[in-house]
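Just so it is clear, A, B, C and D label the chains in written order, and each chain counts residues from 1 on its own.
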Amino acid sequence: MEGLKLTSLSGKARTMVEAGPLRFGAGFAVIAGPCSVESEDQLMTIARAVKAAGADALRGGAFKPRTSPYAFQGLGLKALKVLDKARRETGLPVVTEVLDPRDVSWVSEFVDILQVGARNMQNFSLLKEVGKGYRPVLLKRGMHSTLEEWLNSAEYVLSAGNPRVILCERGIRTFEVYTRNTLDLSAVPAVRELSHLPVIVDPTHGTGRVSLIEPMSMAAAAAGADGLIVEVHHNPGEALSDKAQALLPEAFGTLVGKVRAIRACREGLEGGIQ
Amino acid sequence: MEGLKLTSLSGKARTMVEAGPLRFGAGFAVIAGPCSVESEDQLMTIARAVKAAGADALRGGAFKPRTSPYAFQGLGLKALKVLDKARRETGLPVVTEVLDPRDVSWVSEFVDILQVGARNMQNFSLLKEVGKGYRPVLLKRGMHSTLEEWLNSAEYVLSAGNPRVILCERGIRTFEVYTRNTLDLSAVPAVRELSHLPVIVDPTHGTGRVSLIEPMSMAAAAAGADGLIVEVHHNPGEALSDKAQALLPEAFGTLVGKVRAIRACREGLEGGIQ
Amino acid sequence: MEGLKLTSLSGKARTMVEAGPLRFGAGFAVIAGPCSVESEDQLMTIARAVKAAGADALRGGAFKPRTSPYAFQGLGLKALKVLDKARRETGLPVVTEVLDPRDVSWVSEFVDILQVGARNMQNFSLLKEVGKGYRPVLLKRGMHSTLEEWLNSAEYVLSAGNPRVILCERGIRTFEVYTRNTLDLSAVPAVRELSHLPVIVDPTHGTGRVSLIEPMSMAAAAAGADGLIVEVHHNPGEALSDKAQALLPEAFGTLVGKVRAIRACREGLEGGIQ
Amino acid sequence: MEGLKLTSLSGKARTMVEAGPLRFGAGFAVIAGPCSVESEDQLMTIARAVKAAGADALRGGAFKPRTSPYAFQGLGLKALKVLDKARRETGLPVVTEVLDPRDVSWVSEFVDILQVGARNMQNFSLLKEVGKGYRPVLLKRGMHSTLEEWLNSAEYVLSAGNPRVILCERGIRTFEVYTRNTLDLSAVPAVRELSHLPVIVDPTHGTGRVSLIEPMSMAAAAAGADGLIVEVHHNPGEALSDKAQALLPEAFGTLVGKVRAIRACREGLEGGIQ
């Protein structure tokens, strides 16, 4: 694809992105946690549970991009303080989404990885701002975006000076109604042949159905993904957002075991290196 | 549709949005001009030409949301000064796109209408910021957005205090490749039955083909649109962006005549009121 | 587009397709009637009503392509006999859909125009069979089909020997849920610039909403369509299929008047010829 | 989903479909072969190669559903005789596509499994005809079809008396252009929770890119698919159809090994039963 000077794989080694002790692109990284930080109790409970179940990093929303202005918009700074506390207690690196270029600098002091969500994949002001920052950027694919557009958005971050981009496939919008989105797993091997960046998969938003998350996570590992980001809640029915698609910690623990087994099988087949 | 407290038509009269001498929702408003402001000469030439051809307002991009970071990104402040000059000379109200919430306040001093583009339809920080402002907002439909999501984005602006929202259908993304997007004209009568806001159509981005712009503009008028926004350039082959889809001023003049005739015919059929 | 030897406009005059007294491609043809023929009473009542309201041809399904095998599948031969009776009484040419190549020959004795539906646009056996026949073919665009594929399907009919093809845009499948399909009116000017065949529009299936049928019919006329096919039922709530989208005869009469006015306006603008 | 009396999983055991020595739904079945049968030499060469590489069944097109009437349409009876010969020599069951209800009966004498292709998923005459037959039916998902529509098409076959249906996901049509279609692997666990029928995956048409076939095949196995259907050609550059997406026999052999390893890993995780 033309114009991809910095993200193109040609002539470059695969990139490894470090976030605290975690390295994306070396091994298989599992990020888990609630859609939104709802309270200190809620987050600490879930953080401990996902740590125990084998997660490598913690996710939690402080600023929520909600379709309606009347829906829960996140706890903001209060959520960030709780995420920081969870990070210190569990040792897990923390991921949160930023929506506004004005928030990039100060939010970077609380978390390890900044997420740019699907709705903001072509928010070029935000891309430039995280590109000027020092935190790794988890860049979700827009629900309407071609692979070329997605890699161009990564190019915005890299060209602004920040080489630490992790791509994340989270489903595209199609006519199918049984699933919330159509998880496009072919994007995983495709961006791996087009770019040197690590790519993970979000089966939660990609399917929107609890029953499909485990099989699609196993499929993601088999397709060569570098990790997963999964919504986990200890009490999904009470969640303030995305209640229909969060896994219970026990189900998440089972998933981690199976996914790591598939990953190990794939590594064996590919000679230990992908 | 649920949760649409402020944009819903039920029990409300249709809204008329004023921008200088122009009123969206009363009569048929035609906005025209280049994709990007490229120079003072270029803009002044086009501004005079579209004024002469019957345009009611002038468009011109100062900040361009380009897929690639290496593509022309717009002239910024320099473009705004030129737009301001064109406004003073021609008397045409001016529309430009804003991409960053930090730009809303100062850009509002140079132009009459702020555009929120398709890629930013769910940039909630930007929506809140233009909602706190005083300028009318031209809110384009996201290329992947349902009508409900689009109206919810308008709701963000209205609920922040700014009632001056003009909706703009600009095509959605489908599998069809002959056209750049699929212009969804059914969105016009649909949002007119769901909301009280004026709705205009962008046949330029909606089709991406010069030959389809005139028939689709006539169709938009017949479907009940409150206006059009059309790209016009006096030398399309030399344009710095969107060169394949800009009309020459003469073709634009012909289009305006035909569209106003269809509009008049429709008004006669609907008893003078829509 | 490559390979379109027979449907391509280049170097050819526009085709006029005759069906009894009706000529598609010369003037504006309105086909109306129920989704399915349900009984002699039902069809005769509707046939008289649409004739009185200004229809040029009568539609009525004898074989219904239903998603579920347990849904009403049509009355078959019994329906064809009723259609034939309605044709004789009203003088309106009659359109019905064929689903099976084995039915083409004998069904042709009862009706004036054979419809190939959206689901069968790439049923190549059926296309070849209607191509060997003598009846005009109303070829609907597949809900997933590009313009190139659609014209190639027309090419199957023409290359088998039957030049009498009428194209019909009926909506494509997208992510939008407010409408049943997304009516792609840009297909009208597009296939008119690519091919010499007449093209009509089906606003009923294209929108799936009674309230959108009239504005989209007016838009179709303004875009240059050669006609419409519209579902009409005297008692939509009792219809055996498509009950949510049939117009009452009175609403259909109003629509015909408005659409013919828009058409006349367009003809005036285009110099009497399109 | 409503109306699915016969395909619904509720209260039923998973179905196993037998085709000669092969059982779909018990173990993992790999079907391979050329897009089209081009000559006896070509087919016999490929048949022996895929047999040696571990295929369980042979595919080969005799009647080709081609977008253009001028493209190679298949060798018909001649191809069937060659397929029959290959079956007798290799012992592999043979799959071929039928396009016309008139061909179902006699084609069934030459092959073991009848394929209904994506373009014919809602060709209800063809579905009823294969439903009256005795051969297992490989029912591909339409490129525009929801899961509910797909299962309803299976319901047509089952309700006509033939319980031997194998579902096949082959990619849906989206806006993405890097891949030929978007392979929807979530369809695999979804139809497994909705129906009792076996489901296989076609990574060849699903991606249209040789480099993506192996990783997506491994992903399909991990997601729980009951098998694969893959295009293999000993000389892809010379193939009369689909030349860009056929695997060489050696690459296919590697794929089979990896896919069976992933499958075995998954079976271990799921306790030997799926």
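Quick note on the criterion: contacts are C-beta pairs under 8 Å (C-beta built on N, C-alpha and C of every residue); 3 or more make two chains touch, one makes a residue touch a chain.
These numbers come from a predicted model, not from an experiment.
In terms of C-beta pairs in contact, the better-connected of the chain pairs A-B and A-C is A-B. Chain centres were defined as the mean of their Cα atoms; on that basis the chain farthest from chain D turns out to be B. Look at where the CA atoms of chain A average out and do the same for chain B: the two points lie 34 Å apart.
One finds 48 Å separating the Cα centroids of chain A and chain C.
Touching two or more other chains at once are residues 144, 148, 173-175, 177 of chain B.
Residues 3, 5, 65-71, 99-102, 119-120, 122-126, 142-144, 148-149, 152, 155-156, 159-160, 173 of chain D touch chain C in their complex. Chain C makes touch with chain A in their complex at residues 173-175, 177. For chain A in complex with chain D, the residues that touch the partner chain are 144, 146-148, 172, 174-179, 182-186, 188-190, 193, 206-207, 209, 211-212, 215-216, 218-224, 257-258, 261-262, 265-266, 268-269.
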